[in-house]
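The structure follows.
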Amino acid sequence: MANRPFDMLNEAIGKEVLLLLKGDVSIRGTLKAFDVHLNLVLDNAEKLENGEAKTKYGKLMVRGDSVVLISS
Amino acid sequence: MANRPFDMLNEAIGKEVLLLLKGDVSIRGTLKAFDVHLNLVLDNAEKLENGEAKTKYGKLMVRGDSVVLISS
Amino acid sequence: MANRPFDMLNEAIGKEVLLLLKGDVSIRGTLKAFDVHLNLVLDNAEKLENGEAKTKYGKLMVRGDSVVLISS
Amino acid sequence: MANRPFDMLNEAIGKEVLLLLKGDVSIRGTLKAFDVHLNLVLDNAEKLENGEAKTKYGKLMVRGDSVVLISS
Amino acid sequence: MANRPFDMLNEAIGKEVLLLLKGDVSIRGTLKAFDVHLNLVLDNAEKLENGEAKTKYGKLMVRGDSVVLISS
Amino acid sequence: MANRPFDMLNEAIGKEVLLLLKGDVSIRGTLKAFDVHLNLVLDNAEKLENGEAKTKYGKLMVRGDSVVLISS
Amino acid sequence: MANRPFDMLNEAIGKEVLLLLKGDVSIRGTLKAFDVHLNLVLDNAEKLENGEAKTKYGKLMVRGDSVVLISS
């Protein structure tokens, strides 16, 4: 079990994650990198609308302060 | 009784909590970890709409500055 | 009379307070703890809608930067 | 005449002020205390809607970063 | 010509300025004081709606982080 | 070519720029000054609505944290 | 593969990127420069609406804290 919040991100590297961003934007992709500001890099990313893929992004960097939650 | 706000979080580790996030998002789950920025890790988490579970997340990290309140 | 804003909070410990949070959320409960960031712990808390109790929370931590005002 | 913004607040202690807060909330009351973060304590405070008193608060602390403007 | 942004404010002391604040609030008045946070004091201030004076404020302090722009 | 973001602003001094501010406000004018916070001074500035000049400002200071983008 | 979020930006210099900014603004252009605040300079930039180019900007500086995500 993760004992600190960022441990969860370490365990999620290379796996699929689901992001909820401010402005009610949902993104799904493979977590490639993150830093202490919660800036994230995803690969094979896509934007979801009503649970379905709407926009394919390829490689994506998300600014940390846009992040509401990260699910793995 | 908690004498400082974070004491309440220490007592809530391993228990179910209810979160209200900015943008009127409600999340319920088991509190696994937190840090001083109020970043939180929940397990068995789900998003609620009108009090009912709508989305199951499994493990979840919530960015601290999205948090409005935490109920235990 | 309070000479500094936080004196008012010290005097309100153990008493009922009414909070207005960002996003027009109103909370009523007994103030148990606070810190310099205005993080607050309430007991017997409830969310109000149109002045009536709608959701009972029990123990509650409010993140300071969600607070608009605190009335005692 | 005030030469620095906070001089105006010093002169307003004990007098009635009108606040405009974020989210278009208007508050009127007697200024009792303030600090460098613009946290304010008011007495005999009331929330105004369309210029009329709607909610009586008694003693009130306003978080500084909610403040848009203060009129005396 | 002003070479740094705050030079413009120095030149505007004692003159009428027009402010645009967050939340689309327009204020007109005489600039009396400012500080490095862009906190401003205006005299003979009034709130404008559709270009017409709607609310007279007398003396006014505006919190810097509410300011979008200042015109002189 | 600019190698750092602020090089672009240095090159734009004395030229016409187009600003997009938070809250979907568009401003056009001649860039006179800027600082590291992205506070900007424009001359001959005007607010645009649907691409047409609506309000003439003369000299204008824009608070940096209102800026979304600057085009030259 | 990028191991840190900013590595992705280094690799994207000189290439076309797609930005999502706060307020649901989409921008496409060639990445010319960036800094640690995620301030970005784009060339041949255009604003997209519903996936189509609506406004041509030429050279553009985007303030870092407006950025939600960057796709390459």
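Lettered A, B, C, D, E, F and G in written order, each chain numbered from 1.
Here is the rule we use: a residue touches a chain if its C-beta (ideal position, glycine included) is under 8 Å from a C-beta of that chain, and two chains touch if they have at least 3 such contacts.
Since the structure is predicted, the reported quantities are computational estimates derived from the model, not experimental observations.
Contact with chain B and chain F alike is made by no chain in this entry.
Look at where the CA atoms of chain B average out and do the same for chain D: the two points lie 33 Å apart. If you average the CA atoms of chain A and of chain G, the two centres end up 18 Å from each other. Centre to centre, using the average C-alpha position, chain B and chain E are separated by 41 Å.
Contacts with at least two other chains are made by residues 22-23, 65 of chain C. Starting at chain B and stepping first to chain C, the chains sit round the ring in this order: B, C, D, E, F, G, A.
Against chain A, the residues of chain G that register as touching in their complex are 1-9, 18, 20, 22-24, 38, 64-65, 67-72. Against chain F, the residues of chain G that register as touching in their complex are 21-23, 25, 27, 32-35, 39-41, 43, 45, 57-63, 65-66.
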